[in-house]
Amino acid sequence: MIHLSHLYLTLPDFSLKDITLTIDQGDFFALIGPTGAGKSLILETMLGMLPVHRGTISLNGTDITRLPPEKRGLGIVYQDFALFPHLSVRKNILYGTAFHDLAPHKVENHLKFLVEKLGIAHLLDRKPTTLSGGEKQRVALARALILEPAALLLDEPLSALDPVLREEIKDLLRSIHRDLGTTMVMVSHSFSDVFYLANKVAILKDGSIVQQGEVEQVFDQPNSRFTAGFVGMRNILEATIEDNRAQTRGPAVILPAGNHPAGGFLAIRPEDICPLRAGHNGFENTLSGTITHMAHQGFYFDVWLDVAGLRLQAVWDKHFVLEHDLEPGTRVDIGFYAHKVHVLPENTG
Amino acid sequence: MTVKPGVFSWILILFSLPLIGLIVLPLSKMVLTPTWAALWESLNDPVVLEAIGRSMTTSLAAALICFVFGTPLAYLMARRDFPGKSLVEAIIDLPIMIPHPVIGIAILSLAGRNHPLGRMLADMGIQVMGTLTGIIVVLTFVGMPFYINTAKAGFEAIPKRLENVSRSLGAPMGATFFRVTFPLAWQSMVLGMIMCTARAISEFGAVVIVAYHPMTAPVLIYERFTAYGLRYSQPVSVWLIGVSLILFVAMRLVSR
Amino acid sequence: EPSGKVVLFHAGSLTVPLAQMEKEFEAKYPKVDILREGGGSTKMARLIAEVGKYADIMASADYTVIDNNLIPKDAAWNIRFATNQLVLCYTDKSRYADQINADNWYEILQKKDVVWGHSDPNLDPCGYRSLMVLQLAEKFYGIKGLNQKLLDNRPMKNVRPKSVELVNLLKTGNMDYAWEYLSVAVQHGLKYITLNDHINLGNYKYDNFYKMAEVKVTGKKPGTWKVKKGKSCTYGITMIKNSSNKEATIAFLQYMLDPQGGLKILKDMGQPPFIPCRIADQAEYDSLPASLKPLVEVKN
Amino acid sequence: MTVKPGVFSWILILFSLPLIGLIVLPLSKMVLTPTWAALWESLNDPVVLEAIGRSMTTSLAAALICFVFGTPLAYLMARRDFPGKSLVEAIIDLPIMIPHPVIGIAILSLAGRNHPLGRMLADMGIQVMGTLTGIIVVLTFVGMPFYINTAKAGFEAIPKRLENVSRSLGAPMGATFFRVTFPLAWQSMVLGMIMCTARAISEFGAVVIVAYHPMTAPVLIYERFTAYGLRYSQPVSVWLIGVSLILFVAMRLVSR
Amino acid sequence: MIHLSHLYLTLPDFSLKDITLTIDQGDFFALIGPTGAGKSLILETMLGMLPVHRGTISLNGTDITRLPPEKRGLGIVYQDFALFPHLSVRKNILYGTAFHDLAPHKVENHLKFLVEKLGIAHLLDRKPTTLSGGEKQRVALARALILEPAALLLDEPLSALDPVLREEIKDLLRSIHRDLGTTMVMVSHSFSDVFYLANKVAILKDGSIVQQGEVEQVFDQPNSRFTAGFVGMRNILEATIEDNRAQTRGPAVILPAGNHPAGGFLAIRPEDICPLRAGHNGFENTLSGTITHMAHQGFYFDVWLDVAGLRLQAVWDKHFVLEHDLEPGTRVDIGFYAHKVHVLPENTG
């Protein structure tokens, strides 16, 4: 278990403020936020590369706040792989074993196991410069994993890769986590990667944590406009609220039962705004609108609607769109569940 | 076969020629004037050979000292932030601007018996005035900024992340330096030593004050020029420049 | 009125009095700028004769340097204007400073921990004259091998291009003893040992004894040699033939050789002048500029 | 309050001290020795003032020449690839390794009347030996690598894309240089001029051969040291170093 | 119209080979391929920044192969924005107008129009360093557009942006293209961006064009394994073919009518592999399989199936997955159309 407690860090042009996080054994923990939010800094701080000004970091109950990096037992994989260019792949992977008291035959077995699992057994005698991006990332993973780190820190492990490679490495990370049970802490700026890989997430903005929790929970219950936007709620509507009825600038919207503030924002995912089809009549909210424009996105369509003066965005299945000959100008009936309407208090970022 | 080079490119080239000419013309005249006979003759002059050998060895010694003591300094400057860092940077650059006679004078006045440091050195049997030691001290002084700045640039070019990774893999700072940083910065260090040696080989004004004898090649060249004239100084210059160039090429090749 | 630049090459040992003369003369003739360049006399003469550097006047610490290097190509005459003698200089801090005297100096100079030196005989008359003093001392004191024993205790590193440079080495404690002209010792406030006239090269009456000292110095090219014979220290001065500012040059010479002008300064600074100055023969005398003739006599 | 600095950091610092000491000790002794009276006295000596003024103006003139002719060269080296580029790079670095007396001798032998170039110059009324012209030529020679290498690094630091964008917006190469590259590289150019001036101010060995008179400050310092001793050379050194430092600080401030 | 004809370019470590492209007036043309394929080099060559070794580039019928960049009238927007850091936003945008013969009041009007359209009117007096990534990209666009370039070249205009900003700028590019009719040439490595924005696409690999054409056509009919993988056909199956029946290593597959090679690869998009629902019985291929694992991707699920020993990947609607309680181990019936099976000859890359 890694525990960051009220961590403060001040750099000339940036600071981390009051970072408190708990990463449990076996977690795949994601740190996510826009560029410059301080995600990578948290990793550096955990690694011991940056001086902490206030607060503590503990690993399995031991305070490691002042421990030098080499004594922390955390692994790191950087976006740019950071392989040692002067060493062969084998020597890269074995680099750390020289500093640990490991039995040679165990190291050899572990190496064999890892390079098989990562599919790099044929690369052992190559120099890193001759490898592709995906191969480099695999070597970087093997180099960290061979030491069985208490946790593996991943700094945007997918950003430098092509889309095809990205899928490959994503699958690989997933399978490493599943099969080896390594605790992972990943920095990312893509929520879809987080969705695919992580079980817990913390959302950062300007050096502070805006929200954290289980991925599904943060995804479903963003606590601010910022998080709502970040987790893909593209419809954010100003509204005044009375009981469970919200008045937007266009139509009124039924909210889930519960206590709501008098004013604030409604956030709705585009994929939760559905076309009314036969057999789907449980929607609390049914409205009528006109398609203003559409964008083919491969598997699905982005659809923009004008609903009584309110601009809404929906994501609809490609098959449905084609079967129903939807196009700009078409009038459609839509519906969404009350529980898919998220209410955010007025004063959130 | 290419995008048309504009008028501007030609202007650039035209403006660049004077400085290239300023280097190439005097030096080629210098190198081409001596006859083979004169070159051969001076090659048989033990005084010339000794002076060139002395220049080479003292300059290399200075480069070696810079390597040993300048590498840690360069690494600190490249990797650490500390208050007063820009002051230290300015100090490292100082030898470039200090008038050469002043360098010699300053070092001599420290080394004399009228200064505690000089007495200490004398008690240890170390003499500066008129010794190889003194020459090496002077050459280290003038060559140091070249070594430190080049090595520093080399260290800066190595991604800090490689060192971070090494440490996260359990290597303490020292091991990280010797296993990762050093092998990767090696070429810049050699380049720095070449720059340092080159600067040291050329030094005259500071050396002549600290040591007239034993003579380094520039002092000999000066002495020959003033005492005998151009004809007897040129062959020495040609040999010195030639040997230096061979040395530098060799150093570069070794560092590959 | 004379104006312009006058380039004056001179023996390093004349630096201090000439600086004083420059000041006085430039005050008198504000339009003239005297540009002095000091160094070993032999070197300065070679700069003119062999390297072709420009100078209007050459003042040497050994008048024969002018005869040997400049006459007849670059100069027509050679005026002897002052004498000097060699002394052994030191400071309070020199090793054995409290023991040394005119009788035991050559023993002190043989001590292993004593650093002593002189200027380069190939570049500076003071250099070969220092070596002559050592040879003469061997003869005068009748100690066989003294010269060699002394030289054995003087590594080459203690030989510097200009005698005046040694002054700094004394003052900074890099050197204990150095051979200098008396004038230099006086001008720089050094302590010094005055030697017997037989060996100090200061008295022309002993020229016959001085002659026994012989020093080999380098010739016109590396590897060639010529022999310098002992002779009293006599300073010579000449005007370079291709001087482009003869008016101001002659005006300066006229001032310098005047017993009330330059010669007085020399005298005040420990360097006995010839009054009047001397020239070797009538032919040279005839070639002098008219305004200098009254200040010079023909005398050998 | 920070990650514990390891033993290794202390070793680095320890090893760095000798070189820092080698610069700081002699220079501080040099600067601190002269009395205020001696400093004041030398400030009233027109020869000293003239020599320092001459060193400043000739060094600045050399820096200006490097700016005018070295900027195009630096830009070419930073932006263009051409066959023999590394040869040109080596040529630009040559002045660092050429012994200083050789520089003076080489320039003199070109400028003498025995060489066609010298005759041409003489016919144009340009003298090199013993003139400010000659000093400036020598100082340009020794300062040039410093300007060119610094300016080149500055140009290299400007993304080529900015120039590409400018050209795609209709600006020819010349306009692109003056509107985009120049304003962005300006600080490195000033830094290059400072480095060049600094190197030029320190030069002695090459200058003393080309021009003993008129005296630059280092020649005067040498003359004073050899003829009168430390006491008279030190105040000149202190003033020269002081004025240079003020000049450099001023140049940096102006370039902001 | 921009026409590149048999263009060759040789650099020390890379070369472009026989590039032939036609970009029509008003096209939104995408160049797409993995890192290092030479996409950006083609833009540089069109701009005139790199020497062409063989071949010609023409613009509206004029040969511009040897014309310097400033005379080509093409605009460029780089991934890193490349704003002039020493000039204000206003001066950045107006930079190019000094080199064109434009009436001052027209320039002023055009500026006003563009900054309104791009939403940067309030930034005119700021320095670029104070702007966010999205703002910088808008300024870079305005700077190029104010000259009404013959075509606007976009070098990965979305890569340096956060996901949220990326959507914003994507919409903006779309609206610029629609409203101003500017011809666009975009380099990208994401097929989904291409799908959203472009009408034509060329796919590059190792300096050569592998395939080009209308986006929909390339998307539907990749001509090689490489393109198939690149356009998202994650199921690529070795097969022997007889008439319109292909034998994979698992089940047999019905192909669309037509002439097929005897051996080769079948490529099927994951979204074309559908669960069998009531009312959908037109599939020529219906198979039965077991879900091996699933990944929640936000709006949809990635589902991996084992179909008689064949590993297939499908993308299924979130609602469907949740409504039917699908999970690893569930047995499902699937179907796909014969015309969704793409046949690729054996020898393709």
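As written, the chain order gives the labels A, B, C, D and E, with residue 1 at the start of each chain.
One rule holds for everything that comes next: a contact is a pair of C-beta atoms (placed from the backbone, for glycine too) under 8 Å apart; a residue touches a chain by one contact, two chains touch by 3 or more.
Quick caveat, the model's predicted, so the values are computed rather than measured.
Among the remaining chains, the Cα-based centre furthest from that of chain A is the centre of C.
In this structure, the chain pairs A-B and C-D differ in their number of contacting C-beta pairs, and the larger number is found at A-B. Centre-to-centre spacing of chain A and chain D amounts to 54 Å, using the average Cα coordinate of each chain. The mean-CA centres of chain C and chain E are about 90 angstrom from one another, to the nearest whole unit.
In this assembly, the C-alpha centroid of chain B lies 16 Å from the C-alpha centroid of chain D.
Averaged Cα coordinates give chain A a centre that lies 24 Å from the centre of chain E. For chain B, residues that reach two or more other chains under the stated contact definition are 6, 109, 115, 172-173, 208, 225, 230.
Listed for chain E are residues 48-49, 68-69, each touching two or more other chains. Residue positions of chain C touching 2 or more other chains: 168, 171-172.
Interface residues of chain D, counted against chain B in their complex, comprise 6-9, 11-13, 15-16, 18-20, 22-27, 29-30, 33, 66, 68-73, 75-76, 80, 88, 91-103, 105-107, 109-110, 115, 117, 137, 140-141, 144, 146, 148, 172-174, 177, 195, 198-199, 201-205, 208-209, 217-218, 221-222, 225, 230, 233-234, 237, 240-241, 244, 248. Within the complex formed with chain B, the residues of chain A that make contact are 44, 47-49, 68-70, 72-76, 78, 80, 82, 84-86, 95-96, 98-100, 143-144, 147.
Within the complex formed with chain B, the chain C residues making contact are 39, 42-43, 46-47, 50-51, 93, 120, 122-123, 155-161, 168-169, 171-175, 218, 220-223. On the chain B side of its complex with chain A, the touching residues are 159, 161-162, 164-173, 175, 179-180, 183-184. Residues of chain E touching chain A in their complex: 34-35, 133, 162-165, 167, 174, 189-192, 195-196, 219, 229-230, 232, 234, 269, 271, 274, 295-300, 302, 315, 317-319.
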